[in-house]
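Both complexes shown next keep chain A, but they swap its partner, so chain B is in the first and chain C is in the second.
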Partner chain A sequence: MEPILSVQNLNKYYGDQVGCKNMNMTLYPGEVVGVVGESGSGKTTFINSISGNLNPDSGKILINKDNEIINFLEISESLKRLLIRTELAFVHQNPRDGLRLDISAGGNISERLMSIGHRNYGNIRQTIFKWLDKVEIDKSRVDDFPRTFSGGMLQRLQIAKNLVTSPKIIFMDEPTGGLDVSVQAKILDLLRKLVRELNLSVVIVSHDLAVIRLLADKIIVMKNGEAVESGLCDQVLDDPQHSYTQLLVSSVLQV
Partner chain B sequence: MNNVLKFKNKKANVAAQDEIYNFAYLDENTKRMIRRALIKALCIPGYQVPFSSREMPMPYGWGTGGVQVTSSCLTTDDVLKVIDQGADDTTNAVSIRNFFKKTANIETTETTGDASIIQTRHRIPEKQLNEKQILVYQVPIPEPLAFLEPRYQETKKMHALSEYGIMHVKLYEDITKNGHIETAYAYPVKTNDRYIMDPSPIPKFDNPKMNNNPAIQLFGAGREQRIYAIPPYTEVTSLDFEDYPFDPSKAPHKCSICGSNDSFLDEIITDDDGNRSFICSDTNYCNQRMKDK
Partner chain C sequence: MIELNNITKKFTLHNQGRTNISVFKNLNLKINPGEIVALTGPSGVGKSSILKMIYGNYVFQSGEIKINNYKIDYKYPRNIIELRKNTIGYVSQFLRVIPRVPTIEIVMEPLLEINFDQEEVRERAEKILLDLNIDKNLWNLSPLTFSGGEQQRVNVARGLIRNYQCLLLDEPTASLDNVNKDIVLNLINEKKDKGSSIIGIFHDESSRKYLNAREIDIAKISHGN
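After this line comes the complex of A and B, so read on.
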């Protein structure tokens, strides 16, 4: 099987400061890769660099689109933005960054559909209802503004908005950050269900090892902008080799 | 110097072009700059060309963009008509007509068919225009995406890459809230199957008239410093959904003066009891019909 996304020797500097350095990653279809590390370790820089939000300084990002390998950093701006709208999705930590707050929930979900040419109101409406159902938002809220939604609902709405065009690769930056634990559990449950159901390939960034353990198949541990350890999720978390990973694993609070 | 010239004019009581101004008010260099913008705009239908808008002797929002475009297009042979909401006799129309009468000493008319340049605010004349005519629109906000995406850099990118999904989101919201597309003026159009364009606040009733029009259509936004254009015989389509097609719509009444059934109507409250009547907004069209009777 070919990887759907492969990142090779990716570097991103902010002036002299290291954002992330010499990063490598392969993501296979249906796989979830977790990126963990403390604040400032370069997780967000990494995910922003590989999703088109930031321009990395050097390296390669290869995306497999229907058996055609696309060099993400060398394609035209228009193709890049088309890919970002159709093949890729980005779930922000703060759902307000990924939603238009003065447009109804349905309008938010429909934007990606219409940007790829859907022009039938009735069909668009049906798709919106289908996705509201999938992310467990009551259908009666379809015409309400996102600002009337709770934090958890906003995050679920953002997920629906992103998944409506069936993207192949989903990037998530701390999707459950800032939510209370029961809502977090709900979102994680939903994400796990969607990943299995739709066979999504996901890169998920989190400082929360529990989140990563629940969702991810593989894990990359970052510190000071570099990957210090990577491998199968259970293996790395059960038998951490690098001293930083050991520290990270042992720092998890037990209830 | 100016005072001397003014004095001279007063003394001689010159009825001809007021000599203290260059022909049609703007200096030749400015007119050349605007003509260049106009030519570029005509080459890329619907694309907004930035231009260095000048201070005009009227406030922004009163047609400074349109006046600059008209000034750059005028020749001594031109016959000018100016309308405001379809009418030749409203303040804005009368003032702009007098402005060019004074600064360019050109002939003016109220008859649509006789005019070679028509400057308009918010209407397209009912009478079909011809190949020898130029229609100049006054535009307040040229950017159709402005209310959806406030960042100008971003809207530029969206135009460049034809990322117009958000435009339909606006129409989607309209249908969702009102059961139909509520936008009744400044209804967005696609020009030559490429650029989405704001047709200036004309009623959507006028939108179909832009399509395949033999006349040159020029749009000037003074405050926003943008010029755009539709060349003759260009396809202009109004955005819609398959199941909610574009509807020009019209008040279900007749003009109570000329009885026209197919012109755009103004609603007039006639007394304190809420009685109302409807008359053509295009005064010249209405008068002409009365004359023909």
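After this line comes the complex of A and C, so read on.
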């Protein structure tokens, strides 16, 4: 099996400040990679740099699309935008950043479909209902505005909106960050099921090691813009080798 | 087949004065297909550490671990992920699951990795839950509120729903009454008869005898301290 996404020696600076430095990652189909670290460690800069939200200064991002390797940083802007709409998806911490609040729930889901050329109203409506069902939002809410939704529903709507075009690679920045714990559990369960059913590959940023432990196969631990340790998620959390990872793991409160 | 050759394992605690704790030196072990090996020795001697090294959770500093000739190397996590998906099952002492997920789905999950027929997988999960005396009324509830013995049986169900070639069992019967303990031991024996290589920690001698396990006293074969 070949990696679906491979990041090599990626660097992003803000002036002379390091955003993230010398980052490497391989992501295989069906795999979840967690990125952890304290605030300011460069997690969000990293995920934004590999998903097309930020332009990194140097490095390589290789995306495997139907066995063709695409050099993401060297393709045209229009091809890049097409890839972002079809192969990639980005789930924001705050669903309000990823949704349009002034159009209906159904309209939010159909937007990506229409942007890649779907026009048949009946088919689009069917797809919307299928996705509302998958993310457990009642069909009767299809024409309601997102502003009438709870935080957990908004996050599920954002996930539906992103997955409707069957992207292969999903980026998530603290997807359960603003949610209370009972809603967080539901979202985690949903994400795990979707990863398995759709063979999604996911890069997820979180400061919550428990969330990463439950979702991720592999982990990257960041500090000051660099990866200090990476590997199998269980191994890095159970037998961390780097002093910073040891500190991070031993600082988690036990419930 | 599980093989450990000349394993050295130590922990370095960087934030606690760089303390070095040596666990194993020159540890050798081999578990053949259709065999059960029981690790014995006082607590803290490293019995669970051996299971965790085989499962890829713990790093070792030198030597090699082979599962059916595939090497366990923490530098290649993808290989360990594949081995876990296809070859190695692990029943830990503790149940670690997403809150609010029903028991039946937790038990189905490992089998859904390789079998996509939801109905067939559900039937298999129901069967093993019945075998393990988990009340039907509990199947649609999260196991996090269950008793210790029930949680342990859910863990066992999850580990034994598939026929892994290698099975790692960390005290799978520790909090069970005698009736349920015998049920679990019989399930383990079935896996052995199907040719699994099984290594485990069983706190009571009667279980080890019942399983006809080859006992290995870790304190005698490694020289960590």
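Observations on the model:
Heads up, the rule we're going with is that the second predicted complex is superposed on the first by the 255 of 255 C-alpha atoms of A that agree within 3 Å, B and C clash if a C-alpha of one lies under 4 Å from a C-alpha of the other, contacts with A are read in each partner's own complex, and residues count from 1 in each chain.
Simple rule for what comes next: contacts are C-beta pairs under 8 Å (C-beta built on N, C-alpha and C of every residue); 3 or more make two chains touch, one makes a residue touch a chain.
Please read all numbers here as calculations on a predicted model, not as lab measurements.
Residue contacts after overlaying the shared chain place A:D57 against neither chain B nor chain C. Once chain A of one complex is fitted onto chain A of the other, the partner contacts of A:I116 are limited to chain B, with no touch recorded for chain C.
With both structures placed on the common chain, the touch criterion links A:D217 to chain C but leaves chain B unconnected. When the shared chain is aligned, chain B comes close enough to touch A:R81, but chain C does not. After overlaying the two complexes on the shared chain, residue contacts for A:D208 are found with neither chain B nor chain C. Once the two complexes are overlaid on the shared chain, A:L188 sits against chain C while remaining clear of chain B.
In the superposed model, A:I124 lies in contact with chain B only, and not with chain C. Within the complex formed with chain C, the chain A residues making contact are 26, 28, 31, 181-182, 185-186, 188-189, 192, 196, 213-214, 217-218, 231-232, 234-235, 238-239, 241-243, 246-247, 250. In the complex of the two chains, the chain A residues touching chain B come out as 77-78, 81, 85, 100, 103-104, 106-107, 110-116, 119-122, 124, 143.
Touching chain A in their complex are the following residues of chain C: 11-15, 52, 55-59, 74-75, 77-78, 80-81, 96-101, 112-113. Contacts from chain B toward chain A in the complex involve residues 160-161, 163-166, 168-169, 172-173, 175-177, 240-244.
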